[in-house]
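Below, each structure is written out as structure tokens.
Here come two complexes built around chain A, the first alongside chain B, the second alongside chain C.
Let's turn to the complex of A and B:
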């Protein structure tokens, strides 16, 4: 496991060196500007708007990291040939993939921690409340990002950098639309069509399962079962996707 | 150096042209689209899909836009599609209290057009809000006051106030407000009023509420007794040519069995000027 942690730490350091965390500054600016601006523009409760924007921006910037990192995650090691140095050591290919994945996840987590702190501070300053449920929303966004990062890792192994990023972005978009598409396809005639779509639906992640933002913003009760199943759903997806990435990487000719 | 200065001069001239063009374009009055741009608003289902899990944020953006759009004074045509816009916002975020409240408020500002239709639109928006927010008494109270003040529609106002009073956490003043408004209704009898205030008194949540309900209950009982005793006093005056000096006069002629008492058990008096019942409200918090 030491090898995995070493690769993860190195991936994290590289991302920091690439100024990935600068996205957090973008988030902070969005929060400060929006809290000032919407205070002037809105009538009523501006805290709701600040939370909506904060949670959406938190998700957006985390997704951006996953998409961007997908571009450099594996290809940089292959192009600079450093992958041979790593794999020449007693490091197995699955350890390399897992290390890369954990590195990506840790940079997303670091970004999420920082953005959550900024959001909570903004809400504290504007509304005078400390909303601990924002931590829960951030945790569920992290769960969503665990799945997305797994796909980013898979696509980094499967394809060229730009295409990998686009495919990660596509998974994010489709993942949020799949539930609606599923409902729309219920209108379609033909059992076969519906069966095919059902298979596609279950193969793709439904990222809305991790979306508890409305409940958090409106202080609604949250079902423990929904959270528990969402955790299981995410873990199962991550394991499956990383296994696929490992299978592909194991047989990949890196020359 | 010369070329650099020349380039900078060209850039400066072009920037000046941009500013000038923008100023001139701003001066040209264009045909008012009369809200036609609103025709192209997508459906809530479509907006939910493209919000990628953030329908609340899209609702916020639309809400902020609507406030800016409808705040700018224009003739009544500007208020076209108002109901559609606020339906869209509240479809995207059904728990958005401000959208119901402010949407209804903006609708009420509208002075032109069919006022009946307008009242219907306000009512539909409030009803939708009350369905989606079953524990929100503030919205129901706002609806009550809007119908009471803006539309002078006491019946609808009472309907919303009664909803507000039944909701959890509603302050006792709303229940009192319903009672006071109902007391002014023609269909509301004095017995209804006494019964309403008796129950309100039983349900009083604090001392202040108790005092106020007691006051209303006292007045309701007095009004009912005044109505009941008035024919007896009038009959006595007609028969004997004078108003009775005390209740004993009525007891003596068999019109009454005992001295009538108020809600606190204290005897009423008789006003000799108008020969009517006099209540001596010695206020007690009982």
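Let's turn to the complex of A and C:
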């Protein structure tokens, strides 16, 4: 595992020394802080609006970081051929994939920690409350990002950077529309069309499973079973998708 | 040959670029062996298959057929990889890391003992003459500095087999000499060095043995002196008068100027050539053997492969 941690640490270090990451994090922090402005402009409970918009901003920018950094950090390693020196050492290809994935996930986690702290401080200043449920919402967003980062890793070894980014973005969008897809399978007339949509439904993750924003913002009860299933669901997807990434990368000639 | 450090047998590789593009057969049954402690040069023109072979040895690409053994172990085993120090062609580096950080990362990948790693890094940096620039990010390095750091990471794990892909390519004379000296030092300490190049003087200067690779096959293998002495002798003759038209030995080249002629003929029999020239009435002024160079040999194999 030492090689995996070394690759993860190097990936994290590379991202931290890249200005693009700061651009994303800067925007995320600005969005979270400016949720106060949206709260003032909107009718309703200002604190709830701050939390809602803040959590949405955290999710959106985490997704952007996962998509963009995976393409930068994994594709660049292959394209610039620095990967040659890694694979020529006593390192297995699955260790490379896992190391890059963990590095990417740690970058997303660092962004989430920072933006969660900013959101909690904003809520504390505006409403005078310390809402620990925001930590729970952030943890669920992190679970979602684990799944998304696995897809980003798969697409990074499967195709070119821009196409890979678009495909990961598509997984994010479709993943949040899973319920609509399921409804569509019941309402469309053609059996073949229904079957195709059903396949898409089962192949792509239902990212709404990780969305507990409404419950957190409105202090609604949260089912332990739903959380447990969400964790298992994320782990299963990560294992399967990273295995596919490894399968693709294992026999790949690097030129 | 006793104690083989690197054995490559019947290596084959064909690349399939795309659906509508023709396949490219790069390696066509390549075989050679490198003995412990020798400096082995892998000489060939661009596109001959040198880098593909090195990538196959390092498991960067997968051969279609053939066998590669490193110190008697399959090249894909971690134990075999631990024994190799590899430096790629035009060093691929992390611009965001300093030289020292890069070596620490390389040491982690090699699984080197953490307690001794800092000392080992200092040692190899000193060995390649890079102690001064180790704290700068590699994005600011010159080509020569990059080459040195890349060499340092190859030496870091104290390898038994050092594989260097075009280590002197693109370097100035000072840099080339520095790399050459490091290779010689390593060989003197018992390390086997396998390096690819298309720079012939480097091979002639430092290699114990050399393989000439053209068109994905080893065309000739042996020490430089063996390869060159195996060649048919060529002679250059100068004499007064025109080139005799009835000379039986075929001419390789000829030139006539100011009433004197110069010819180059390929023959192994010097005496018969003298008699032949005499029989033709040529007044021979000089007759000198021409030593076949490695370049001549490479060019001949290249032309044969092309035809």
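The definition used in the following text is that the second predicted complex is superposed on the first by the 230 of 255 C-alpha atoms of A that agree within 3 Å, B and C clash if a C-alpha of one lies under 4 Å from a C-alpha of the other, contacts with A are read in each partner's own complex, and residues count from 1 in each chain.
The criterion applied here is as follows: a residue touches a chain if its C-beta (ideal position, glycine included) is under 8 Å from a C-beta of that chain, and two chains touch if they have at least 3 such contacts.
The model shown is predicted, which means the values in this text are computed figures rather than measured ones.
In the superposition on chain A, A:214 makes contact with chain B only, not with chain C.
Contacts of A:189 after superposition: neither chain B nor chain C is touched. Of the two partner chains placed by the overlay, only chain C lies in contact with A:82; chain B stays clear of it.
In the superposition on chain A, A:38 contacts chain B only, with no contact to chain C. Once chain A of one complex is fitted onto chain A of the other, the partner contacts of A:56 are limited to chain B, with no touch recorded for chain C. Contacts of A:176 after superposition on the shared chain: chain B is touched, whereas chain C is not. By the document's definition of touching, of the two partners only chain B reaches A:48; chain C does not. Partner chain A is touched in their complex by these residues of chain C: 15, 55, 58-62, 78-79, 81-82, 84, 86, 88, 92-94, 96-97, 101, 105-106, 108-111, 150, 153, 157. Residue ranges on chain A touching chain B, taken from their complex, read 38, 41-45, 48-49, 52-53, 55-56, 59, 172-173, 176-177, 180, 207-208, 211, 213-214, 217-218, 220. Residue ranges of chain A in contact with chain C, taken from their complex: 2-3, 5-7, 10, 13-14, 17-18, 80-82, 84-92, 251, 253-255.
Residues 45, 48-49, 52-57, 59-60, 63-64, 67-68, 93, 95-98, 101-102 of chain B are the ones touching chain A in the complex.
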